[in-house]
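What follows are several structures.
Two complexes, one shared chain (chain A), two partners (chain B, chain C).
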Partner chain A sequence: MIIAEPKPIQEVAEYIKEYHKVLVVGCGGCTSVCLSGGETEADILATSLRILRKKEGQKLETVVTTATRQCEPEFIDGLKELVDEAEAVISLGCGVGVQFLAERFQEKWVLPALNTILAGGTVQPGQWEERCGLCGDCQLHLTGGICPVIRCAKSIQNGPCGGSQNGVCEISTEMPCAWQLIYEKLTVLNRLDLMLAYRPAKDWSKERSGGPRKMKREDAAL
Partner chain B sequence: MKSCSGLEKVLTEGRFAVTAEIGPPKHASAEKIIEYAKMLKGWVDAVNITDNQTAIVRLSSIAAGVHLYNNGVEPVIQVTCRDRNRIAMQSDLMGAYSLGMCNVLCLSGDHQKFGNHPQAKNVYDVDSIQLIDMVRGMRDDKKFQCGEDIKEHQPKYFIGAVANPFADPFEFRVLRLEKKINAGADFIQTQSIFDMNRFEKFMNMVRQRGLHKKVHILAGVTPLKSARAARFIQKNVAGMIVPDEVIERMEKVEDQKGEGIKIATEQIQQLKKIEGVAGVHIMAINWEDMVPEIVEKAGLKNY
Partner chain C sequence: MNNFKPKIIAFCCYYCAYAAADVAGSLRLQYAPEVRLIEMPCSGRVDPVVILKAFEEGADGVYVAGCMEGDCHFLKGNIQAKKRVEHLQKVIAELGIEPERLAMYNLSGAQGDRFAEIANQFTERIKKLGPSPIKEGEMYNDNS
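Coming up: the complex of A and B.
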């Protein structure tokens, strides 16, 4: 899923300083699961913003709602009335959610309350880690299911580089070297031959270097 | 001869090669580089110039190489994968060749986190092995990386790569060296050697696979300035091993600088005896002016 973290509250307060009535929209999708942008977090954000404004001796009116998923038009169409009544909208969706709201409601400022950081999963309660670099050309069948594109700090295809020591990456002793992990996994699988084979330069045109990407499915079209 | 390199000639003839390393300045004057060129001329076979090492912005490797070249010293230009994509790299490689550069050292480069612009975006379009393959392809296959022909005036580089016997997983290091050789590496510079036992083990594996016959290996030597500096490297520099014995030896003496030079000299003499070591690469970091003395004391001046 997409993992996002809350922006500092002061930063969000600054975005809306000239408005007196804002709509705060939580998201029931990924950002809800990673405890950053669900119903509860939307409520807390709205309350915090009101308190901050009150401390400045001014008033802020907030309306809070949560869309099932901000990344689907059918779930945000219904927000129209609430959006119309507000001067600005704060989204607790990921970057996709913010943009879907902004596209749908052309005349409104839609402001982000979160920083979208990674595509990953829950490694333990309260801890999420990056696992996919969305490169558009999955090579996990060659690396024992460990992605060097996103888990190696240099996205090296023929690793590990000379900075791998004692199992950790040169950039942090907290970070396992992805290629060390690949080496161990392929050793267990008795497929070290995969690491000996030269991996040619990657075709990055399938990731964001090729411009914004699209996926189409005729069978899902109306 | 595959290239226009004098270093290739020395190595092909089986002479024990000596190369040194200099880091370009953090300003736009060539004065210091020219000074180094004058100092090193006649003492070493080639001088390797780092490409923004530890991700700190410095005068460019290629420009520094041209200053060396113009002052009678053969340069080895470093190209890292951190700052340029395949388009810029190939362009720079041709440009550098047109300016007289014949040796290139291909490496992935230190992560920008270590440098003075940790906010920078890194590139890593290709990795070091893919870079080696690209330079070899330009020379031997007469093709750009994309497969398009280089119809004339192909750059003919003598291709260097690095190997780190002190990184992990240790058993894989020799296999990765082999990948680099297969991709097109003609010569290898190793990481600075302080742990001679581990290096001997590494070379043993190199010989078992016959790799020393396929590539010229230059063993990395770094003179230690002080016990404190040695301790710092031991604790803080990823991919290096400094054994306690070396540090203890430095600590025992008054003249630590002198001891550092002595250790380096002894190391060179030991390295010279190891089968498969074709030369030494002296990396006297911020201490480049000691190179002639080390070369002389190690008995390597044969000009």
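Coming up: the complex of A and C.
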């Protein structure tokens, strides 16, 4: 899932300082699961913004709602009436959610309440880690399911660098060397031959450098 | 400032603090009248939004009182409450409200004296801090 973290409340308050009625939209998708942008977080943000405004002796009206997923038009279409009544919209979705809302409601400022930071998962309650670099050319079948693109600090594709010491990366003693993990996993799988297999240079053209990427499925089109 | 009568909200777990309040009453113990109790089924049931809303609505101090650690009727509700309170202290600090205005206490249902002691101590603390900074906004309005 996409992991996002809350922006400082003062920063969000600054975005909306000229408005008196805002719509706060939580997202029931990824940001809800990583406890940054769900129903509760939307309510906490709205209350916090009202408190800040009240401290200045002014009023802020907030309407709080949550879309099932902000990244799908069918789930945000239903917000139209609420959006129309608000002067601005604060999104607790990831960067995708903010943009989908901004595209759908062209005449409104849609402001982000979160910083979108990574594609990853929950390693333990309250802790999330990056697992995918979205490189567009998955090589996990060669590396025992451990991604060197995102888990190696240098994204090295062919074995560890000299900074790998005692199984950890030189950038932090808390960060395991991705290639050490790959080596250990391939040992368990009895597939160390994959370490020696010739691999052509990775095709980075599928990565982000070519502008926004698209995916199409004709059979899913209406 | 001597006339300052703070509004204090105490979210009290039914199994400990709320029962302790009853014990305090039976023992005829005096405790700060500024404290308003709200009975909760467990301290872990106290929603962070409700705590924030208490501040928004004019509370000068809020505390959550749960069972002794290890004695929660629902196993870990009080531990969860403690973590939430610690998190919310950071949130209210970000909003310019002193984190000391929010606290978590642990006591058992038999500790009527401790209940009164907590109520008095916390009220003293809030009296020293003065009115909630949120009320500064109301003063602007009063002056205008």
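Just so it is clear, the second predicted complex is superposed on the first by the 219 of 222 C-alpha atoms of A that agree within 3 Å, B and C clash if a C-alpha of one lies under 4 Å from a C-alpha of the other, contacts with A are read in each partner's own complex, and residues count from 1 in each chain.
Here is the rule we go by: contacts are C-beta pairs under 8 Å (C-beta built on N, C-alpha and C of every residue); 3 or more make two chains touch, one makes a residue touch a chain.
Quantities reported herein were computed from a predicted structural model and do not represent experimental measurements.
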Which of chain B and chain C A:43 touches, first, second, both or neither: second
Of chain B and chain C, the chain that contacts the larger number of chain A residues: B
Touched partner set for A:8, first chain B, second chain C, both or neither: second
Partner chain(s) touched by A:33 [first = chain B, second = chain C, both, neither]: neither
Touched partner set for A:54, first chain B, second chain C, both or neither: second
First (chain B), second (chain C), both or neither touched by A:63: neither
Which of chain B and chain C A:196 touches, first, second, both or neither: first
First (chain B), second (chain C), both or neither touched by A:117: neither
Chain B-touching residues of chain A, taken from the complex the two chains share: 153-167, 170-171, 177, 180, 183, 195-196, 198-202, 204
Touching residues on chain B, where the partner in the complex is chain A: 81-82, 86, 108-111, 113-114, 122, 124-130, 133-134, 145, 162-164, 166-169, 172, 175-176, 178-179, 182-183, 191, 238-239
Contact set on chain C toward chain A in their complex: 47-49, 52-53, 55-56, 91, 94-97, 133-134, 136-141, 144
Chain C contact footprint on chain A (complex, rising order): 8-10, 40, 43-44, 47-48, 50-58
